[in-house]
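Take a look at these structures.
First chain A sits with chain B, and in the next complex the same chain sits with chain C.
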Partner chain A sequence: MYQFVTGPLAWLAFIIFFFGLVLRIVLYVRGLDWKLDRVTYSVNVSYGIKGAIRSIIFWIFPFGTRSMRKNPVFTVMVFVFHIGLLITPVFLLAHNVILEEKWGISFWTLPETVSDILTIAVIVSALFLILRRIALPEVRIITNAYDYLLMVISTAPFITGFLAYHQVSGYEFWLILHILSAEVMLVAIPFTKLSHMVLFFLSRGQLGMDYGIKRGGMKGYNLSW
Partner chain B sequence: MKQLRLVFILVIAGIMAASIVWSQEQENLEGAMDLKSREFGQHQRSQVRFDHYLHETIVRCRVCHHDFYVFSNRNEGKGSKCATCHKREINKDIPIPLLTAFHNRCKGCHENYIKWGRASGPVMCGTCHIKT
Partner chain C sequence: MAEGTLCNRKMINTREALLELLADKSGKLYYEEMNQLDVQTNALAETIRATCKSRIRTWLEICTHCGLCAESCFFYLANNNDPKQVPSYKIQSTLGEIVKRKGNVDNAFMQMTMDTAWAKCTCCNRCGMYCPMGIDMGVMFGYLRGLCFSQGFVPWEMKIGSGMHRIFRAQMDVTVEDWVETCDWMREEWEDDYPGLEIPVDKKGADIIYTVNAREAKHYPEDIAEAAVLFHLAGENWTVPSEGWELTSLAMFAGDWEACKMQVETVYDAMYRLNPKQMVATECGHAYRATVLEGPYWAGLKTGKPPVDSIHYVEWVADALRTGKLKIDPDKKIKEPVTYQDSCNYIRSGGLSDAAREIMSYIAEDFREMTPNREHNFCCGGGGGLNGIGRYRQERNAGLKVKRDQILASGAKLVVSPCHNCWDAIRDLEEVYEDGIRWSFLKPLLLKMVIVPEHLKPAESEAT
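The block that comes next holds the complex of A and B.
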């Protein structure tokens, strides 16, 4: 079982993840229509790029936007969740040891205590995000089972990984479940809204171009819309 | 009375069998060694208990120890250790770091045995690095 989930199944998951995301990017860019979107993507490019980068930067740092400043607790939780989600698996010692053995490459690694704390932080912040969806009426009405499913998919690798790392009884079961749940997440990313992993940058860039060129970005340049 | 004698014999036989099994376990433990190296500094994971006796009966020495005559391997406290050549970081002469050398020698071999469809040892991280 371990051989299968770390061998063929892992390859399949990574291939679907990678090519799926590339396809999502290609489809997103091809789906852009300057007439429909009223954004001149290929004219005034320098203003467009500047606006895009500006928008991405403001959205990628905590408290960069007005709504983030209005909801500080939510902002902190969201950033803790995302930072833990991205940093932990990539810089985890055990993952890099496997990477080093298989392909001879490895990144700089986190001390195990730090990755343990980050994992707990991801689980706790995920719990907070779920409770928020239940507690606040304005998000409850737009929440359905799909949203909870995605929370489960993205948090499951951390819960199972935590249990496997601490070697609770049934270690082998938890480790295999950890690998399987991570593969489910990788496959789910291109097909679900978890694709915001890359599409965030594209839609933020697109909106940023809109603002950089038209909505005030080129004020005073005799641009008539 | 006859039944009682049978029970008595069975109990004695059971104790003897258990003591044989126990003594064998003791013997096995004698052959077990904790794999550790000062080269690592502080170990991040719990040390691996390696059963040298068991492996002697399965693979040839040189599978792990390279060439005895060239490297003069660790023997009764003399000779070179793995860490004499394999250092924590790779260098020009030895491209395999100590950690990878250990892992390849244990897990790599176990994985090969699984690939060949033969009885094998553990390959999952926590099955060797058992938390105490």
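The block that comes next holds the complex of A and C.
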């Protein structure tokens, strides 16, 4: 079982993840239409690029925008969640040991206490985001089962990984479940809302180009996000 | 395929059809007929397939349902944080459903969609600035209006407006003759006070071609005279076109993209014909957006720009004050606290907030900003055509509360409002809430405080 989930299944998951995301990017860009979107993407290019970069940069740093400053707790939780989600798996010691064994490469690694804290942070912030969905009427009305499912998909690898690492009873079981849940997440990313992993940048970039080209950017005005 | 005699999918292309529609007071019969109007689901599906591309599809798909857009929407705030006013909810439950169901929706659904697209969104685009994913729901509502229009589910006044553009190339029944006569009349009325005043029509190669909102020609002709006087005092070499003088686009509010194209092309034709250096657009927000920002795309101009450099009136005024073409009498500056209504269409969507501040620095001694301001300012409450739709008067009036609170909090009772929609909304706001708020375009204010050069003064005042 372990051989299978870490062998062919893992390859398959990574391939789907990678090519799926590439496909999403290609389809998105190909579906842009200067006339329908009313943005001259390929004419006023320098203004477009400037607008796109501004739009991404201001939103990628905590409190870079008015929207984030107005919602400080949410902002902190969302950034903790995403930082944990991205940093932990890549720089986890155990993952890099496996990489080293298999391919002879490894990244810089996090001290294990830090990755443990990050894992707990992901779980806690996820819990906060779920409770927020239930508590706030303006979020509740737009929340559906799909949103909770995505929360489960993206936090399951952390919960199972945490349990496996701490060697609770049934280590083998949690380990396999951890690997499987991570593979489910990888496969889910291109096909679900989790595709915002790349579409965030494209969508933000697009709106940035809109502002950078049509909505004031060419007047030399830098929109304050 | 049930269609009404008034409420249908046909375009208003003749005066007879327009008059018939106008004769149906408040659209009574029109809305009754709407209850019987079939939805052509196949046509709707085809339109979506052809025009709903990756940008909008991605927006609909990746909305993470975080709710950050809620507080960005003045309708949400004005309606006591009603969750049904959350922008994400409004668009997902309308456009989102139509796309998901591939156009397979019924009459009741389309009426609900129409009520949402015109009475719960003014396309102010503020939510797009608050969404982490860069989802601009105002843009999507604009698109949705187009879908509604194509199926005949459009408020009565919007159908009339689009018909006006199709027939008169103006949002009102003002013909080229009416327009030119109005210009002549205004010159005659005002030239005694301002000797040498001209309103040159169709002058070729002028520095400025000046274009207006049809309301000015029809209901507020003194606005044209004031513009003429200010150009005259500033020594500008300017003209107005006989055809292509109207900048507004109720067709844009209606979602009638074909009429949008017809309208802007008359203006662009005037530019080609008269070859001016620059176009100056009157004090209107959506007109600037329609003709200067969106128009080039409707007309298929690949540069994304109108044929000649086009600026909003606030840019001209800021420049005239900066360069001294217009000089303000320091004693006549506005003494009382005064605030400025940032119009969504040329401030948020046009990036002109600096010009507005620059003007205020020349004409006001006690300028008070609203909070929030500039591109973060709230819609006046009447944008996107909402001011003019009788069916949604209650919704409009409820939405005005946010603007009212903003104005009162600024401590100013005078609001400079160089946008016809904002101007109307603030006037109506005062009518509803009676706070003693006053509102004004820039032109009448400037005229009161500008220094008239000696050589342009009337003869008798020279003698005294």
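Here is the rule we go by: the second predicted complex is superposed on the first by the 219 of 225 C-alpha atoms of A that agree within 3 Å, B and C clash if a C-alpha of one lies under 4 Å from a C-alpha of the other, contacts with A are read in each partner's own complex, and residues count from 1 in each chain.
Definition applied: contacts are C-beta pairs under 8 Å (C-beta built on N, C-alpha and C of every residue); 3 or more make two chains touch, one makes a residue touch a chain.
Predicted model, so just to flag it, every value in this text is computed and none were measured.
When both complexes are superposed on chain A, chain B and chain C sit side by side without a clash. In the superposition on chain A, contact is made by A:Gln167 with chain B only, not with chain C. When the two complexes are overlaid on their common chain A, residue A:Trp103 makes contact with neither chain B nor chain C. By the document's definition of touching, of the two partners only chain C reaches A:Arg38; chain B does not. Once the two complexes are laid over each other on the shared chain, residue contacts for A:Leu199 go to chain C alone; chain B is not touched.
Vectors from the Cα centre of chain A to those of chain B and chain C enclose 180° in the overlay, to the nearest 10. For chain A, the partner that touches more of its residues is C, with chain B and chain C as the two candidates.
Superposition on the common chain places the nearest Cα atoms of chain B and chain C 36 Å from each other.
Comparing the two complexes, no residue of chain A contacts chain B in one case and chain C in the other. Remark: chain A residues 2-3, 93-94, 97, 100-101, 111-112, 164-167, 171-172, 175 touch chain B in the complex.
Across the complex, chain C meets chain A through its residues 51, 53-55, 57-59, 61-68, 70-72, 76, 81, 83-84, 86, 88-89, 92, 128-136, 293-294, 297, 300, 302-304, 348-354, 372, 374-376. Residues 27-40, 43-44, 55, 59, 65-68, 70-71, 74, 78, 133, 136-144, 147, 193, 195-196, 199-200, 202-208, 210-211, 213-217, 219-221, 223-225 of chain A are the ones that touch chain C when the two sit in their complex.
Of all residues in chain B, only 44-45, 97, 99-100, 103-104, 107-108, 111, 114, 123-127, 130-131 touch chain A in the complex they form.
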